[in-house]
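Chain naming follows the written order as A, B, C, D and E, and within any one chain the residues start at number 1.
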Amino acid sequence: MVTYIIRRLLMLIPVLIGMTLITFSIVHLIPGNPAQVILGETATGEAIANLEETMGLNEPYFVQYWNYLLDLLQGDLGTSLRSKAEISSEILPYIAATFELTFFAMLFAIIVGVNAGIISAWKQNSWFDFLAMLFALVGVSMPVFWLALMEQWIFAQELGWLPAYGRQDSRDPIAAITHLYVLDSLIHLDFARAFTILKHLILPSIALGTIPMAIIARMTRSSMLEVMKSDYIRTVRAKGSGQFLVIYKHALKNAMIPVVTVIGLQTGVLLGGAILTETIFSWPGVGRYVYEAINYRDYPVIQSGILVIAFIFVMINLFVDILYKKLDPRIKY
Amino acid sequence: MEDVILELSGLSTHFFTDQGEIPAVDKVSFRVHKGEVVGVVGESGSGKSVTSLSILQLIPSPPGKIVSGSIRYKGEDLAKATEKRMKRIRGNEISMIFQEPMTSLNPVFTIGNQMREAIRIHQKISKKAATEKAIQMLKLVGIPRAEDIVNEYPHQLSGGMRQRVMIAMAMSSDPSLLIADEPTTALDVTIQAQILDLMKKINKEEHTSILLITHDLGVVADICDRVVVMYAGQVVEKGTTREILKDPQHPYTQGLIRSLPKLHGREEKLYSIPGTVARPKKDRVGCRFAPRCEFAFERCFKENPELYQLGDGRESRCFLHTEKKGERLEDATTNT
Amino acid sequence: ACSGDGGANPDESSDDAAAETDETADGESEGEAEEASASGDGVLVFARGGDSESLDPGSTTDGESSRVTQQVLEGLLTFETDSFELKPALAHDWEVSEDGLKYTFYLEEGVTFHDGTPFNAEAVKVNFERWADPEHEYAFADEGYVYSMYGTMFGGYKGEEGHVIEEINVVNDYEIEFVLNQPLGFFLQNLGMSYFAITSPAALEEYGPEINENPVGTGPFKFVSWTKDDSIILDKFEDYRVEGLPKLDRVIFEVIPDNAARLIALRSGEIDIMDGLNPDDAAGVEAEDGLELLTRSENNFGYVGFNTQKEPLDKVEVRQAINYAIDKQAIADALYAGYATTAKNPLPPGYLGYNDDVEAYGYDPDKARELLAEAGFEDGLDIELWTMPVARPYMPDPETVSQIVQNNLEDVGINATIVREEWAPYLEKTLQGEHQLFILGWSGTNGDPDYFLSSLLHGSNVGSSNRTFYVNEEVDELLDGAKRAIDQDERAELYAKAQELISQDSPMVTLVHSTPVMATTSKVKNYVPHPSTSESLAEVELVE
Amino acid sequence: MEADEIEAISPWKDTFRQLRKNRFAIIGFTIIIFFILVAIFAPLFTSYTYHQQDLVNRLQPPSAEFWLGTDHLGRDIFTRLVYGARVSLMVGFIAVTGALVFGTLLGVTAGYFGRWVDMIISRIFDILLAFPSILLAIAIVAILGPSLENALLAIAIINIPIFGRLVRSRVISLREEEYIMAAKAQGMKNGRIIFQHILPNSIAPIIVQSTLGFGTAILEAAALGFLGLGAQPPTPEWGQMLADSRDFIQLAPWTVIVPGVAIMLVVLGFNLIGDGLRDALDPKMKN
Amino acid sequence: MQQPILEVNGLKKYFPIHGGVLGKKVGEVKAVDDVSFQVRPGEILGIVGESGCGKSTTGKSILRLIEPSEGEVKFEGQDITTFGSEEMRKLRKDMQIIFQDPYASLNPRHTVEKIIGEPLLVHGMKSKSERKKRVQELLEVVGLSAYHASRYPHQFSGGQRQRIGIARALANNPKLIICDEPVSALDVSVQSQILNLMEELRDEFNLTYIFIAHDLSVVKHISDRVGVMYLGRMVELTDKEKLYEEPKHPYTQALLSAVPEPDPDIVKERIILEGDVPSPANPPAGCAFHTRCPFAMDICSQIRPEFQPVDNQHFVACHLYDGRQ
């Protein structure tokens, strides 16, 4: 197991280097001079040149890349041009915000998706199955941002049931510790606040989680159906086990093996989709951080932000692979 | 009869598929007595597995359904039993093992876990006691290192070992009847010999009746007391093992035996039945075997023969047994 | 007017871990409040579309930043609540020498910064020197700090030719003297700008380049915490120099990028003030109980500029034709829902020297066609219309404007292709003159006409802020004279003249002066939107 | 012999038969054909043009005159929707074709030649796939500048590794198939094996992926459009229409609902077909 | 004696096992471990053994469908392991293979005509009509009808598919056909049809077969000589009568005794072997069979027995027969 993890980590090295090269190049190919953006409409050419000089923007390309790599190795993600703050510390609350959102979106997706998939498979061809799968198909066909807008319009604006934006009651901000607000409010033993924060999570989580939910539901269903046909399920039934044991013990664990991979991949997709959801729900997450940075030509932030998201994505997939092997004892390390 | 454990009469199981209704099992009747080993032979697709699965109501449904007939287990009709009742029968009164030892165990749970489950479904005992019982059963079927094996996963065992585990699991609640659906087909000869040996031992020592499904007449000769031959969903011949192998009455059985290469004795050119194995099909008129039968005559293509009682419990499904054609059948046999 | 005992109330700084942001971790407890328990009364939530860039006012030109720093830091002077009229702030009095080269300021006494250190003349000097001199120890040039507004407003930096501030003399703790090397007509006006607010030198020492996340001034509110792209929290400064102010206990600046969400939040009472109301929603807000509609006065204008040195826009007839072709009123109505007036000068009405006698180019497609024919384009012409990619107060929806303009031009036979560039390349390329027609605008900051007219149309600004490449020596002379003159009437006259000439030359189609609309809940009292887009919240109250 | 009764049915005909039986797939086809017709005959449906402004009639609700209402520039939403179908279908087609061609080329190369060629190509796929796709698309469009063409290019690029990997894995697994080994045993050359045996047998999953890819490409284009990075106005791209109307959701909800439903329907159509094809082409369903 | 058509000397095929942190080679599966035999023209050499003992690998290595790790394969006197790819490709005209799984070995997207015609095309028969004629001829040879040519594989039964496979193998009139379990996937009643067909074809076209199977009675029926493999090694090889009547190797003896026969009159002395076949990745030292051998001696676990003739043309690898040659 340990060797497996080490091997996977080693295999990551070329991918990581490729990622840094891509992020670095992307950022340097983006047209537009960050010095110009910083100084705005009123800048003089001279001021721009000076600023370029101080920012090291006129060093040769590969020198800049090399410096960038060296810095990365020391955990230095650079300094934001816009806020002039260390990105490595500035980005943490954003990551926390995105993490919280993604976590709840995925929780929603998994709980609803897996159970819908199971019940659909169990009651194959029933009306539940039909509706659930139709719903899932519609779910995967829906633009995330549109769903988000509709939710906001219906549940926040028209019905007024849920807050329209943000992570918490803005009048009464939490004293952040981990920046995972649900966790923070629990640490403070402030359950009323936890409730408010959860309320803020509902709409964005559903918006973000709907597509993965639909995908997971479909995947679970087909995987379950496949497993239910297998010989060992017949064996279990021949032993005299009841349907519940058959489904929730024997079939589920096997059916989850492919589903877990999908969950891993979808988590990555979520991280990307978060950009849209975060903008609509004013969620100060890392997707929005990067998006704002692109508008601002904040080179270091774009490059580090994309890199960090990609890195998290890669790590999630590594974790999923390991989990996958744990679920399936047949796989050798 | 007192000692009849299982009696199928007129059992028909059909599959309702896109291609239409498939009578996979068509009015099958036979009996299994206490302590007896009954073999069901037939080529692929003849309905052997469906018959055995029907007994425990394990037919995938939909598309499968028992459409008529009865399955009397100790007098009780299982075809009409509720799912709840079936749960108590399965693995307790009647156990079953399958052809593919490689895929019949759940790959993600340990052997111990799966065996414990089988035991505790029917016996109210503690987890620890169940583990002990599992180990004891594994030892009974001759698995070495049973204490370690319970903590291992199926993929860590060889095919023969897995089949033993399956048998151990099946035997763990002392069933009266063991249904074995081609238990050795996937195994090598030397391993098959081990498993057959084990089954004989169980039959002798535990007095468990066995319904053995196979397509290998060699296996039948080795272990069965009586044999049921199936073709295209129907029983074509029944009798004791010796009778069937030495004196087959139905042309299909005859052809089958003659087409086998022999290990002993002189070999000559093999006999071969022309054509391909017929699949069960709804609304087929005439004898299922007629298109391949060298003795077929007009009537064979128009009507489906019934099983003729040939005395001593022997039965055969062929018009040649009608008095008129009796001699021809004799001719055919002597010609061999 | 307030006590000078410098120390903060120790009770306030308890439980600081709670509100700490990452950068303030070094034990500085001043200004960090207890956990936000003061919900309800006295807490005002102000929602806007984007976050601040920097809370160091000198180093940014960003309006969202000024909005916040305005509360935390003060300059020597400030503006009246609803105009660019000067009034005292940290300087209670001032004198200007005859020649306009020496300004003396008398500072408020007994004022302390939020960190407890006293405010004095030395602090003022340190701040100005920091902006003027990139080598200064607090200039933080290596960290990318640039004080561009200083450079723009005071003619450059230390050692540069146009730099007007010769020296700064500390006369005593509460008296300071600025010596200029040439008169600057709007010197005082500059000092009212929020960019030139005074930061505590002790804080500059302490935070170094992180000062932009830890503003320490003398303002009515002190900085508590900043969660990027989310919220900035300010608390009442108990020792504020003006007795009885501020009236609020806490102000929270919240970022809600989505207009619709912001309005929903206002309706549900989650926020108290929203900036950037969609003009189309204004009517709804006005009609709704519990909400108030507010407007900022006009302090900007949006325009369609011509590259006057490029074919065919070098012909004045073509420029005038286009000016006649565009239906400004339709734009004002459609895009601003009426919250805009059509413009005839590149200067908002109410500014010093605004020339109301200039005759506007009305919507007259026939005349336009006529002029085009005169210029030799009776068969129409093809032209590029560059459109800016970002929304600005003067141009809340440039994309739509460009489409309307395109439509208008089509009517008179001009086939305009819309060219879209990202913001940075857009600015760069229009500086270099790659464009033909382009859309842009300008907002005032110090209330002085020079900031509009010279920046946009003075020949010396070609290559920087003059993107029309308009050079008219006569206009340049008028503007230069107005810049040097100290007598405001004289200046007004010069500017009026310049506007006349500019209108004739038509280097740009002045579209509209917009009046940005805002909404508040009815609980908010005394909130007066300032034309500069940032206003002090010291007087604002919440009443049920 | 029973087999004699059956006429020669090619696997394609067989697929088609299966497909015809699949009710969902039929619905999918109906939707897509409907949109294709709409796209082709767009001008026949409406008397407006998609960029025709009517500032007086801004934000009108649906009526006899404006079937689906008007937007903030007084343009007829129905007209824009109809013309938008062209854009969306074109986006799907071009992006998928591009990704398919390059993905297949790379995938076949990697899968058949193995070793270091495979190493390099697979690592490139890994790296591209290590980025959440929409983020990568945003970055690419940011480099190239926002426009429909660039959005298309970005979407094609992010889809290349998806097709590439699919083809590669098919090629690798087919390489081990007995009939490929049989082909080799007959003395066939590599080219023949690839083009006659491997590729035709890889087509089923590629077709399924392409159909589903159509849907995703349209969604991705809409997302880029929504962020202002895709088609530029006045192009009636649905995502961009949504972005334009976003501020008017309270005043004129139809301006937001309509394009969203259109996107959803088209994508749903492709997904239904894709699902149907998957079932029809799945070899497990046969025999 | 006649010149052998095929001569296999010291054939080995080791599959590497990768593992460890860097995915290095950490071991090998010795699928075929030093196998030697000869095949005479016109004869049928049977190879039997339990699953995984390396039968298929041997067959495929001979054809270089799997590259052998070591050893020599001489076809008509030429060592084909040294051939380049084009030479090898041409040679495939003469050496053919029939696979076990009639379902997997036919390309599901090609018609029968294409399947059988393609080898003709690649070996130079360019004319379409000529090919068509030949395909029909071949179909009739294997007992199918000309009108089957336009069908697809999935429209045939297993036996028919196997006939198509045989027709394909015959297309270019090969000299040697390796049959890798050609009947084990078939129904019993169909199996005899195919066996008969193969015998007829051998006689008609003067073919040579290597016939791989795990069913001892089938091998006995069809072969002239039989080789027994165990764990990658050939343990016994001789004429079929000798092998079945007086098997010498203890493994062969056990194997023969374990085969159940459909004749209640034959009462056998069963030798039930203990345990399972060891893994070829980790074969026992010395004689690979010693772990299960009822006659195992000390030497068996240390020294690998030579594969040598004990009697005339009766090769055995067993220490019991040491010094009896």
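Quick notes on this structure:
Just so we're on the same page, a contact is a pair of C-beta atoms (placed from the backbone, for glycine too) under 8 Å apart; a residue touches a chain by one contact, two chains touch by 3 or more.
The structure displayed is predicted, hence computed values, not measured ones.
Note on connectivity: the fewest steps through touching chains from chain C to chain D is 1. Placing every chain at the mean of its C-alpha atoms, the farthest one from chain E is found to be C.
Taking A-D and A-C together, the pair of chains sharing more C-beta contacts is A-C. Among the chains in view, A has its Cα centre nearest the centre of the complete protein Cα set.
Distance from the chain B centre to the chain D centre is 51 Å, each centre being the mean of its Cα atoms.
In terms of their C-alpha centroids, the spacing between chain A and chain C amounts to 38 Å.
Taking each chain's centre as the average of its CA atoms, chain A and chain E sit 54 Å apart. Centre-to-centre spacing of chain B and chain E amounts to 32 Å, using the average Cα coordinate of each chain. Counting partner chains per residue, chain D has residues 1, 3, 142, 145, 246, 249-250 touching two or more of them. With touch defined as above, residues shared between interfaces to two or more other chains in chain C number as follows: 258, 260, 422, 425. Shared interface positions of chain A, defined as residues touching 2 or more other chains, are 31, 149, 152-153, 157, 279. Of all the residues in chain B, the ones that touch chain E in their complex are 43-44, 144, 158, 160-161, 188-194, 196-197, 215-222, 241-242, 245-246, 255-257, 259-264, 267, 269-274, 276-277, 292. On chain E, the positions that touch chain D within their shared complex are 60, 63, 65, 89-93, 96-97, 99, 101, 103-111, 118-119, 122-123, 150-152, 154-157, 160, 165, 168. Per the touch definition, chain A reaches chain B in the complex via residues 125, 229-242, 245, 250, 253-254, 257, 327-330. Taken in their complex, chain B has these residues touching chain A: 53, 56, 58, 60, 62, 86-92, 95-96, 98, 100, 103-109, 114, 117-118, 121-122, 153, 155, 166, 169. Note for the complex: chain E touches chain B at residues 50-51, 157-160, 187-193, 195-196, 199, 214, 216-218, 220-222, 244, 254-266, 270, 272-273, 275-277.
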